[in-house]
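Okay, so chain A shows up in both of these, paired with chain B first and chain C after.
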Partner chain A sequence: MSWRVGWGAAARGVLAALALALVLSPLAALVAQAAAAVLGGAGGWASLAVPTGRRATLLAQSASLALAVALAGMALGVLAGVALWRLPPRQRALARWAVWVAAFVPPYVHALAWSAAADRLQRSLVSIGFPRLPMRGWGLAWWVQVMALAPLAVGLALAGLQSLDRDAIDAARPLRPDTAVLLRVALPMAAPLVAAGGALLFLLTLTDYAVPSLFQVGVYAMELLTEFSAHHEPARALLLALPLALLAALVVAVGQRMLPLLPQRPGAAGEAWGLPPRWPPWLVGLQTAAGALLMAQLAVPLVALVALAVAEPALADTLRSAGGEIAYSLGVAAAAALVALPVALALGPMLARGMAGRGGGWLWLLAAFPVAVPAPLVGVGLIALWNRPGLEALYDSSAMPVLAAVARFAPLAVAVVAAQWRRVDPAFLDVARVLQARPWQAGLQVALPLLAPGCLAGMGIVFVLSLGELGATLLVAPPGRSTLTLRIYNYLHYGASGDVAGLCLVVLALALLVGAGTMAVLAAWGRLLPDSSRLLPDSSRVLPDGSRVLPDGSRVLPDGSHVSPDRGGGTP
Partner chain B sequence: MIVVQDVARRYGATAALDGVSFEVPEEGTVAILGPSGSGKTTLLRLIAGLEAPDAGAITAGGRLLSAPGRVVAPHLRGMGLVPQASALWPHMTVAQNILFGLHGLPRAEARRRLDELMARTGLAPLARRYPHQISGGEARRVALARALAPRPRYLLMDEPLTNLDGDLRDALLALIRGLVGETRASLLYVTHRPEEAGTLGGRVLRLSAGRVVAGDAGAAAGHGRHDG
Partner chain C sequence: MSTSSRFLGRVIPALLLGLLLLTSCTMLPAGRRAVVVYTSVDRVFSEPILDAFEAETGIEVLPVYDVEAAKTTGLMNRLIAEKDRPKADVFWSGEFAMTITLQDEGVLAPYRSDQCADIPAVFVDPEYHWIGFAGRARVLIVNTDEVPPDRFPRSIDDLLDPAWPADRVGIAYPMFGTTATQAAALYADLGPEAARDYFQGLVDRGVRVVDGNSVVRDMVAAGQLAFGLTDTDDACSAVERGDPVAIVFPDQGEGDLGTLVIPNTVALVAGGPNPEQGRAFIDYLVSVETEQRLVDSGWSHVPVRPLESGPACIDASNVRAMDVALGQVYRELARSQVELGEMFVR
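Showing the complex of A and B:
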C-alpha cells in the first residue's frame, strides 16, 4: 500500500505546485526582473521603493481611504448584520441571499449610479438656493467604495452572528440585559468574521484605482499604472509597489492569525433569540439606519441607472454595438472560473490542513497574498513573464486576460474551498478511506461532493469578479479585443451618460443573474446535503487547532489520535 | 415558588408542550424526567423567559413572569441557567465567564464572590484558562458557578451531566446538591436518566410528548430539601 500512498502524495504535491505557479508566476517574474536590475547595478531603486514627497502623500491617501472604508464597512456590517440576524429565519435567509447577490455588483457601477443620484440631488438643492458642490473628491470616493463593498462586510458579519451557538446566548440572557449579551457575548464571538470583512474591504480599496480615479482622487495604485505606462519597465513598477505590498502583506498576515478563529459551523437556520431581544431605542435606531442604508445600496444603483438609460434615445444601438464585448467578457470570466476550480481543489484542502500544522502560516500567505497585490502589478507581471520572443501566440491571445483574472481571484476560490474543507468532519473521510480500495475513489465519491458547495461558490466569485476586472486586463487585453468593463471605464471619464448606464445595467443584470444562480444552487445543495456538523456527536466542537472536543472533554486531534480529558489538569 | 399552570407551546403543527402544570417549592427540588423530544428543554426555556408560551402562565414568588403577550425579561427573573453543553463563552477566561453575571456589584464584592465560588468548585487554579484549555468536567463546574454567581432564587439545569462518565457524574451531582443547598436556591433539573433524577432527592415528574404523565408521589410532592 505504501507505494500507492507515496504516489498519491507526490501527485497532490505536483498539482499544488502547478496551481501555485499559475497564481504566483506573474509576481515571481517581476521579483526576478527587479532582483536582476538591482544586482546589475541599476540606480535609483531605493528612491522608488521608499516613497517620498508626492508619492508619500499618495500612499498616505490610499491607506487613509482604505482604513476609512474598512472602519465604516465594519460598523455598517455589524449594525445591519445584527438587524438581519434578529429577523425570522425565512426572512433572514432571503435577506442573506440578497446581500450576497448585491456583493457581486462591480464598484464602477456604483460609481456611476451614485454620481447620477448625487447630481440629481444637487440640482434639486441648487434650485432652492443651496450652493453647488464639487462632484468629486475623497468624500465621494469613500462613500462609493463603502456602498460598493458594504454587502461583503454585512454578509460576513451576518455569517459570524449566525454561526453562534444558541446555548451561548441562552446562558447569558438570564444574567445580563440583552444589550450586554449582544456587546459582551455575541459580537466578540462573531469578531473574527467581522474583522475578516474589514480586512477584505481594506485590501480591495487599497489596491483599487478605478473608483478613486473617477472622483479625481490620487491613489498609489494609480501611480503604478502611470509609472509603467511611462517607462515600460516591470522592475520599476514592482519596486514602486513595495510600500503598498508591505501594507497589504501586514493586513494579510493579521488575517492569517485570525483565520483559525473563524467559526467551523455554518449559519444556524433557527432563531438565535427565541424571544426577541429587548434593545434600547438608540441601538434599534442605529440598526434601522444601517438597514435603510443597505436597502439604499441595493435600490439607488438600480433606480439611477434605469432613469439614466431610459432617457437615452440611442440605447438600443449602444447595446447592440457592445454585443461583441459582452460575449468576450462572458467567455473570459467563464474560462477564469473553470481554471480556478482545479487551482482551488489542489490548494484548498492543503491550505485547510496546513493551517493547523507547522508552516501553515506561510502557505496561507502564499495563497492569499495575490489578493492583496494591486491589479496593475499583476498585469505588469504577466507582461514581464509572457512578452518574450517565441511566445507571441500566447501573449497576443485571449489567454492573457484569463491568466490575469486567475492570478487575481483564484486565491479567493482557494480560501472558500479551504473553509468548506474545514467544515467537513474528518470522520467522513476516514470512513471513506477505510471502505474504498483506492484513495482517489474516496476523493471522488466522498470528498468532492462534500466540497462541491465551496467549489461552486468559489467559481461564482471568480466569474463575477473577472467580469468586473479592470486593472490587469487594461494592460494585457489582446490587440483588437476589449471587455465590457474596459469599454465602460473608458466611457466613464466622459461623465454619467445614458449609454454607459445602459452598459452598466447589462453588467448589473449579468452579476445579479450569476449571483442569484450561484446562491440558488447552493441553497438547493444545502437542502440535499445536510450540514455535516449536524451529524457530529452532540455537543462536540472544533478547536482553532483543528482538533475536535468530544462531550466528555477528550479531544480527537487532526491526525486522528485521541487525547484524554485530563490533559488540562481535569478533576471532576 | 415557581408555578407552571396549563402551559402550552407549539412549533408550527407540532405541540412541544400541551397543558403542563406543576410547582417547584421554595428551596425545593423538582426533576423533570423524559426522553429526547419530550419537551424538557422547551419547558426550561419557557421558565427562563427565553421563549413565550402560547397558553397558560408561569409565576415565581407570586409574580406573573410569563403568559401569552407578557414575558418578563430573562435577566429580571432571578433565575440561573445551566445549558446542556455548558456553553462557556470561548473569548472569556474561566474567571471572566463567572464574573459576567456579577456586573453592577462593587468590584470588591464581585471579587469576593468569585473567589468564594472558585474555591468551592475547585476552579481556583483554572481562573485564567480559556474554555478550550479545560476538560469537560471542569467546564460543567464553570457553568454551574457562572449560573450561581448572582445568587439566583431559582436554578434551572438542562441535562448538565450528559456524556460524562460514572465517577465524574457522581462527583458533580454531589457538588450540585451541596452548592444548591448552601445557596438555598430552588432547583429545576431536567434529565433523561432516572437514576440522576432519583439521586437529587426531590420530586420527580415524567414528561412525555409535551405532557406531564406521572409524578413521583413517594418523593413528597411539594416538599423542599429543608423540610426534612
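Showing the complex of A and C:
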C-alpha cells in the first residue's frame, strides 16, 4: 500500500509543479530579468518596488476605491440576496438564475452600458432645465464600478447565503426575532463566502484603470501603464507592480482565510428558512432598494446596447464580418477554461491545505500575483518563454492566447476549487481511500465529482474573463488571427458605437449561453450526486479548524488524517 | 457516482480534442507566400489596404492590429520582445515615435523603396529605417451647438482660457498615443520648462482629461465638452456621421506655433521571416496610389506629397505645421511621458 501512496503523492507533486509552471513561468521569466537588472546595478530599479510620495498616494487611492467597491458590492449583494428569500419559490429560482447568468457578462460590457446610460440621463435632465453635473470624480468611478461588478457581487453573495445550515437557523428562530437570526446566525455563517467574494471584487477593481480613468480618478494601475509606456522595460514595470500584487494577495488571503470557519454540510444546500422570514419595515425597504438596483443593473446593459445597436444600419454586415472572430474567441476561451481545470485540480487542494499552515500567505501571494500583474507583462513573459528555436510550432499557433488566458485567470479557478475543497467532507475521501482498489480511483470517482461544482464555476469564470482578455492576447495572438474583444476595442477608437454595441451584445449572448449552460450542468450535477448530509451521522460536526468530529469522538483533520479520541481528539 | 464519472469521461476528451484542433488548424502551413504585418492603424482604415494588396499581388497578408486601449504597450513591446526571433515582416504605424523607438531598439532594417523618391526628406529616415507618408494632424474639435463660429477656439492656449469652464474642454491623457507625441513636440519646440508650465496650467485649471482621442471626440460630439484636442481622423469620423462638430487647425496665424503633423510610418523588421514580401508591401504602401486611397478613406488628411484630390472632410492644403524634426520630438518623448504622468496621474 505504501508504494501506491508514494507514487500517488509523486504524481500529485509532478502535476502541481506542471500547473504552477503553466501559471507562473511567464512571470518567472520577467522576475529573472528584473533580478538580473537589480543585481547588475540598474540605477534605482529596486526602489520601484517600494512606493513613496505620489505613488504611495496612488496606491492608497486604488486601495480605497477597491475597498469601497468591494464593501458596497457585497452589501448590495447580501441585501439583494436576502430580498430573494421573500419571493415565492419559483420566482426566487428564476431570479437566482438571472443573477448568476448576468454575473457571467464581462464587466466592461456593463461599464460601457452604464456610461452610455449616464450620458443619456444627463442629457434628459439638462433638457428639462437641470444644471449639468460634472461627469467625473471618485464617486462616479465608484458607482460605475459597483454597477459593473454588481451581478458578480450578488452571485457571490447568493453562493454564501446558499451555504447556510438550516438546522442552525431553525434552532435559533423560536428563540429570537427573524432580524436577530439574520444578523447573528445567518450572516455570520454566510460571511466566509461573502468575504471571499468581496476579495474578488477588490482584486478586479484594484487592477482596473479603465473605469477610474473614464472619470479622471488617478490609480496605481494607470501609473504602471505610464511607466511601461515610457521606458518599455517589462522588468521595471514588474517591480512597480509588486506593491499592487502584495496588496491584492493580502486581501485575497484574508478573505480566503475565513473559509475554514464555514459549516461543512456538503450537498445540503437548499432553502435556509423553513418558513418565509418576517422582516421589519426598514429592512424590507433596504432589500427593496437593493432589488430595484439589481433589476436596473440587469436591464441597463441590455437596453442601452440594444438601443445603440438597432440604430446602426450596417450592423448585419459587422456581425457577419466578425463571424471568424466570434468562433475564434469561443475556441480560445473554451480551451483556456479546459486547461485551467487540471491546473485548478492540481493546485486547489494544495492551496486549501496550505491555508491552514504557515506557508498559506505565500501560497496566496503566488495565486494572486498573476492576476495583479498588468496583462501586457504576462504577454511579454510568454514571448520570452516560448519564442525560442524549436518551439515555433507552438509559438505560431493559437495555443499562445490560450496560455495567456490560463496564466492570467487560472489562479481564480484555483481559488474557487480551493474553496470547494474546504467544503468537501473529509469523511468521503477517507472512505474512498479505504474502499477503492487504486488511489487514482478515489480521486477520479469520488474527489473529482465532489469538486465538480467548483470546477465548473472556476471554468466558467476563466471562460468569461478569457473572452474579454485584451492586453496579453494582443501580444501573443498568431498573425492573421483576432479575437472579438480585439475587434471591439479597435472599433472603440473609430467610434463606431452601433457596431461596438452590436458586438458587445454578441459577447453578452455568448456569456449568457455559457452562464446558463454552467448553471444547468450544476443543477444536473446536484441531482446526480446523493445528498451527503443524509449519509453523514447526525452527530458529526465541524470544528473551526476545518476538522470533523465523528460520533466516536475521533477527528478527521482537513488533510484527511485521523486523530483518535485518546490523542486529544475529544469533542469540545 | 458512476454516472458523473461517465459524464466527465465524455466531456473532457471531447474538450481536449477541440483544443488540439484549435491549436493545429491555426499553425501556418510551410511554404505559404505571405507577409506578416503588425499595424497600429485603425482596422477600418488598414484592412481595405491589406485586402487590396493581397488581391493585387497574390501575397497573403497576416495582420496583427493594435488597439488604442493598450496605451502604446501593445505591438511595440511585442516587436521588442520578439527582436531575437522576429515574427513580423513589416511594422506600419499611425505615427512616428513608436517607429523611431523600434529603430533605437535595433528592431528595424533599412530599406530604400523606389516609391519614396517624391516624399520630402523630412519624412524619411536618413538611413532608410522608416518612411513617413499619409499625415494626420492634431486639431481642435468644436461642438457647433455649444460654440458659435465667432467664439471658435483658435489655439491650444484656448484650453487655458478661463472664459471656458474647465470641465467643458478636454484632452486625452498626454502620456499615451498621439497626445503624448504632441506633448513631446511642445517640449521640443517651446522648451521643457514652457511645455511643463502649459500642462501644469491644464492640471491646475482642472480641464477634462479622458481616456483617448476618440473619447474627446465622442464627448464633444455629445455636447459634454464644448471643444477638445484630437486627431484629424477622429474629428472627421464625427463629421462624417453627422455630429454637430467643426474642425479647427490650431495656431495657424502668422508667427504662431502651427499644429503637429503626424505622418504614418512603415518599416521593414530586421530578420523577419518574409523579407521579400515585406519589401513588396512597403513599396505598395508608400506609393502615391495608396496614399490617395488613405486620404479618400478618411485616415489621412495631410498627405506628404501632391495628390489628385484632397480629403473630403477638411481642407488641409495650407496647414501650418510645427517646425520640429521628428527625431527631435522622439528624443523628448520619454521625459515628457514621465513628467506628465507625475502631473496628471495623482
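Throughout what follows, the second predicted complex is superposed on the first by the 406 of 572 C-alpha atoms of A that agree within 3 Å, B and C clash if a C-alpha of one lies under 4 Å from a C-alpha of the other, contacts with A are read in each partner's own complex, and residues count from 1 in each chain.
Criterion: a contact is a pair of C-beta atoms (placed from the backbone, for glycine too) under 8 Å apart; a residue touches a chain by one contact, two chains touch by 3 or more.
Because the structure is predicted, anything quoted here is derived from the model rather than measured.
K.L.:
For chain A, which side has the bigger count of touched residues, chain B or chain C?
P.N.:
C
K.L.:
Where does A:Leu203 make contact in the superposed view: on chain B (first), on chain C (second), on both, or on neither?
P.N.:
Neither partner.
K.L.:
Thinking of the overlay built on chain A, is A:Leu225 touched by chain B (first), by chain C (second), by both, or by neither?
P.N.:
The answer is second: A:Leu225 touches chain C but not chain B.
K.L.:
Looking at the overlay, does A:Val332 come into contact with chain B only (first), chain C only (second), both, or neither?
P.N.:
A:Val332: touches chain C, not chain B.
K.L.:
Could you say whether A:Arg173 touches chain B, chain C, both of them, or neither, answering first, second, both or neither?
P.N.:
In the superposed model, A:Arg173 contacts chain B only, not chain C.
K.L.:
So in the superposed three-chain picture, is A:Pro479 touching just chain B, just chain C, both, or none of them (first/second/both/neither)?
P.N.:
A:Pro479: touches chain C, not chain B.
K.L.:
So, does A:Ala19 touch the first partner chain B, the second partner chain C, both, or neither?
P.N.:
A:Ala19 sits against neither chain B nor chain C.
K.L.:
Return first, second, both or neither, reflecting whether A:Leu161 touches chain B, chain C, both chains, or no partner chain.
P.N.:
neither
K.L.:
Could you give the residue numbers on chain A that contact chain B in one complex and chain C in the other?
P.N.:
Common to the two interfaces on chain A: nothing.
K.L.:
Sort out for me which residues of chain A touch chain C in the complex.
P.N.:
Touch list, chain A to chain C: 54, 57-58, 119, 122-123, 134-136, 210, 213-214, 216, 218-219, 222-223, 225-232, 234, 331-332, 334-335, 338-339, 341, 374, 376, 379-380, 383-384, 387-389, 393, 395-399, 402, 444-446, 448-449, 452, 470-471, 474-482, 486-487, 489-497, 525, 528-529.
K.L.:
For the complex, give me every residue of chain A touching chain B.
P.N.:
Residue positions touching the partner: 165, 167-168, 170-178, 180, 184-185, 188-189, 191, 274-275, 278, 538-539, 543-544, 549-554, 565-572.
K.L.:
Which positions of chain B touch chain A when the two form their complex?
P.N.:
45, 48-52, 71, 73-75, 77, 79-85, 87, 89-91, 100-101, 103, 122, 125-126, 129, 132-139, 143, 146-147, 150, 152, 162-165, 167-168, 171-172, 175
K.L.:
Which residues of chain C touch chain A once you look at their complex with the stated criterion?
P.N.:
1-5, 7-8, 12, 15-16, 18-19, 22-24, 26-28, 36-38, 42-44, 61-78, 80-82, 84-85, 87-88, 101, 105, 167, 173, 175-176, 180, 208-215, 217-218, 222-224, 234, 237-238, 241, 333-334, 337-338, 341-342, 344-346
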